[in-house]
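Following this message is one structure expressed as structure tokens.
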């Protein structure tokens, strides 16, 4: 005795094989389908619209398939009302909880559509009611932060998602294809990233950077400092490594033993970096080190001087770490979430760990460019659901050098 | 007015350019040198011995150069007595503290040589005295764990390090060259790793595995389970990802959307992994999930069943995480250190993050093999000071399959 | 004043975004389109059918767009008759010549459809007429081989292409997704390749191998010899390097200085390989070296002993080369083409150069698997038009070891 | 009954483990040694000098070991006279022929030392005598070009090699370490390459470029054209691909389907490149296409306009090829050798095939920099004996852009 539901999807269904993936999902979940209607855009720029009936063996399977399909912006034609369940334990969702996408999401409660304020993938949806039992808001919450007694949306009923509208800012990246390749005319890509940042700033939005220590190793710190000075870095997400190597470089002129002035690479010069860590720990914070005149240059110094935010989150391979580093990764994730408001553009440079971490919490509506010499970093990001990610496989040092030349008037290599 | 000190080194100085690197270090620290004596081994297997006078501008520079040289097993001819200083704040070493290597280390206090029990690189050396002021022991302590009022060794005086003696276990790997290459006769390497593990077990030592989620993605979980069953996995260091994908695979037959039975890869199937996390969180722990019959297969299940240890340490990109995961990375490092006793062989598979983290805390005397399809992982490990690391660039899935065939009688692919 | 043409396509248009790419092509050629009809398969396995009118500014642009679309198996609804022009010079096609795909192709001449016997991409179509002027056959010919006075098909009129029918042999690979990844359950993939070879042999077809020197470097020569002995290698395409390293290995026990018995890698041991070359050159051919008892083991020896074909084509980096090597690359291509008859399965291992070269001349109907530790090799192959290629990113040595275990009864590692 | 010979080596033996590799070679050839004397430089910049007696089982083994050691610049203390043998067949050296290095080489004949004019590795040494039987010259000849009746040096007697003197030009690269890494301060490296080119030009030498199609794909053609215009490209070695993509780009504004103006990548746009090939073939040569106004831009156009040399050598994967391409690889190698005279600097960009081919024929005395986004290209070059190669792992497009900014006054990105 099978169960079924009718779903629909609107958009450029042909592009990037959207519809193909929807049908693949149905098969993967052991479902079946009939395409009830398929209006393909007649002209080049027309949108397409499909109505599909999906069939599964039982209701649990159906609910899970419907939730899966929503990650493709496929909604039920008749979504009905959201169902909610009470959580019975801290840090645990009820069975059958709705697992979120990073798309714009609305939830229908008591006949009204509530907009989810902070789309984030792999979370639950928490319904807040006021004292009179009226729905106040629905918001995403990660599993670790849910508390006993909260109301959590279960199943796919009463939920609509929509893919980001391609506005002007998005268009700047519309012609960057999603495939990752090192054989791309890189100079054009540099200009497009610069344009994306300028547009975000012109719209009053923040530019978020996510960086790995390669920024320092490739000698790009001066370029990044120039962009901090010019106002193109509002927030930095990074780990202990970027900050430590940047500080080590300022204090000792080295970075993990790479002598930047000479282009000479040596092995693990651990003695320098461990002393740099101790120096800042003695000061109590990076800010204090700047204020006390101990730290006088580099990226972290520039951020402090311009009162820009940075969130440093620790990892198991850290030495030290710096006093500013969140050693608890959940605390770190919370601190990162708190800085996402008003972000209008995100540039990820030379870090797989922090790029994926940021991709996990970033709404799909925010333009996202990932730059790395390793194609796997970009591929991984896209595979994990950050489908808006545009990848540039190139040398980070030269890329940031060129980007600074684009963005900062009078920027010259020393 | 320059200062100088006479140092010496014994060993196969020609091999791998040891002496060449010593001289490079001296130049890098703006030092100068004269080679006072150099007895090169006359016959093929003879050891060489060099006596070198190093000269620097001031004593601080000299102390730092001497500490640097000890990472090469270069000791002062007349080391004298260790100097110690009191720490004045938690988590901060005194200026000029001795930064450790991962080599066997002895410290001379009150005329006696004390052996450092737990060599670990990038730490401080803490001197413990009893109530009568007599030196009791010297041990390594990471910067984060130092407390105000401890006695910390400063400068290079009174310290001797020695490179690991190449015993029979080491010899098994002696002929694996240190250079990383994918163009190696891999079948021979598989056998050598198997021999290394057998020797460690025969000597009553533990085999430590460090693994990334690639172990599961490449379909190698059955092979690893067979090796757990056969007693070749005593401890596992990993992150949330390996355990979650292993558990997801057991609960749903998938791993991040890879259908293992069919060899079909799909994109981020987030719905499965987030539900797997919730299921285990509801049970309270992986062990509870096994005991309650919720988790009935896979690597984690095998470890629980055989009462083997595992240390899972979180990272900023984690969903969930599993209840067993240390979310504080310093707590995680401490838990890892606690499991190093009696480890006689370490195999790192498909993870850069946890491999570097483990390399950071592992004594140089423990044989270490790192297997990854990405040459950069192995290179990075060696560059960061784990010079004993032997790298094998190969496919993790096929490698573990072959390793199981070597180690486990009657092991057959299903 | 624009011109237009109506085209159609039938197939699983949703899968792999086929239709999406067709529309992209139209835009890229500055064309416009209206979708006149689109019948999407209603049930899961139904085929779809689309009728599209394409519009361009002038006829030259239209012809080029139509030719481009045929690479996607998009045909004109009313193809009419083929147009032919005389070539006026050796090695040069007439302007506007039809550039072929590797798909099954028919050409309409004098009202009859002629099947193109040897589909190959990037060639011209030559029409042969008998003395009475009647069309005898149409065949592909590469640019370098065309002679003055030949009749060459121009424009897209009168041509129909069709994508390969997915028969049982193809199905074996149907569930291997086209995306390249090292995170795949490799053991399953090994079995699928073995099945593909068995099916080809069972159908009386030949198995074509394309190999690079990595086959020897990774220690896989014994596995490959076992597969030659067992009849799973009918033809080998390779360069001077594979054969030289294989022969060097047999004569001296080394391959470019890699000591295979010990798993020890050393640098360029040029002395050995240059002497191996001289030894075979002295014999006059590899076959003579086998017959004279000079060459007694290895892959080339096994091929000679079983009277299997091999085509070795030279490259600019060759030393020697071996006397059997085609030093003229066009001669080499011709020799390769001559061996394609009855090939039913193609395995490419560890060579980008020869894989792309073979992909260039292989009909799309032949199942094709490419194995390399470098993802770029597989990606490149697919990008260049060998869309049937299935990529496996893995270690070549372990892969061939496993493949031999699958295919050859009693195969054991020594 | 063993045989022995005394050898010596002078130089910075500690640097880069030179002596260590010499001893490794001896072991690899199953030899034994005693170090008779070892004078290590006492001060920082002093040279070292070692005298070693090597022992093997028989004379054939000894001769081969001595020849091997000469690749390390290890010479016999008492070299004696060269032994020569007559070749008996075309294309075959006598057994025991001396296989050359790419180092400066002298040969002692009839009591006189003759300088080898054209050092090249993996060749034989041909002795030319005049009618009176007096030695006229000794020169390298590749195996394929030797003819019956020539006199070929056999064994290691009478030969001395010396490593390149580090002159000022070399010093510019002296501080680039030989290890390959993408984590290097790239801007400094750009400047060093520019300095190397300026020095070569200032010394009246030629700058040789070796390039792959990535130069065009990454959008660097305008930068390279500017450097051709400014006189920094005297000779180009490449394959059919670079020239074809460059010409395709000029004729159609695309390169293998990459739309350079938009930074948009598409798949194999084979139709364009095959037409570009046909167009040039119709003209008869690239030069004719320029002169007839058919080809009006790009790299090849710039080379023709400035009457610079280019050698295009074919490969088995070529379409077409262009009429200027050597389809016989031995003819191609000969054409390359003919252009090496007076080359003072060599830059290899984005090609493994042609880089290795050029490395094979280039004397070790010529400074050589290899730029590629793939670390394996650089590693391979060094492994094959081009030990003078300096590797830069970076994005080719941005690198050439920066290089043009360094070298060409008023160079601006459009």
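Every chain is named by a letter (A, B, C and D) in the order it is written, and numbering of its residues begins at 1.
Keep this in mind: a contact is a pair of C-beta atoms (placed from the backbone, for glycine too) under 8 Å apart; a residue touches a chain by one contact, two chains touch by 3 or more.
Treat the numbers as computed from the prediction; the structure is a model and nothing was measured.
Novice: Would you mind checking which chain's C-alpha centre is most distant from the centre of subunit D?
Specialist: Farthest from subunit D by mean C-alpha position: A.
Novice: More C-beta pairs touching across which pair, A-B or A-C?
Specialist: A-B
Novice: Give, as an integer number of Å, the spacing between the C-alpha centres of subunit B and subunit A.
Specialist: 32
Novice: Need the CA-centroid distance for the pair subunit A / subunit C, whole Å please.
Specialist: 40
Novice: If I count partner chains per residue in subunit A, which residues reach a count of at least 2?
Specialist: 266
Novice: Spell out the part of subunit B that touches subunit D in their complex, as residue ranges.
Specialist: 14-17, 19-20, 23, 26-27, 32-35, 38, 40-44, 375
Novice: Can you tell me which positions in subunit B touch subunit C when the two form their complex?
Specialist: Spelled out, the residues of subunit B in touch with subunit C are 175-177, 179, 181-190, 192, 214, 217-219, 258, 260-266, 373, 393-395, 397-399, 401-402, 413.
Novice: State the interface residues of subunit B toward subunit A in the complex, per the touch definition above.
Specialist: 21, 24, 28, 64, 67-68, 71, 89, 91-93, 95, 97, 99, 121-122, 142-144, 239, 259, 266-271, 274-275, 277-278, 281-282, 313-321, 323, 327-330, 332-333, 336, 353-354, 356-357, 360, 374, 376, 383-385
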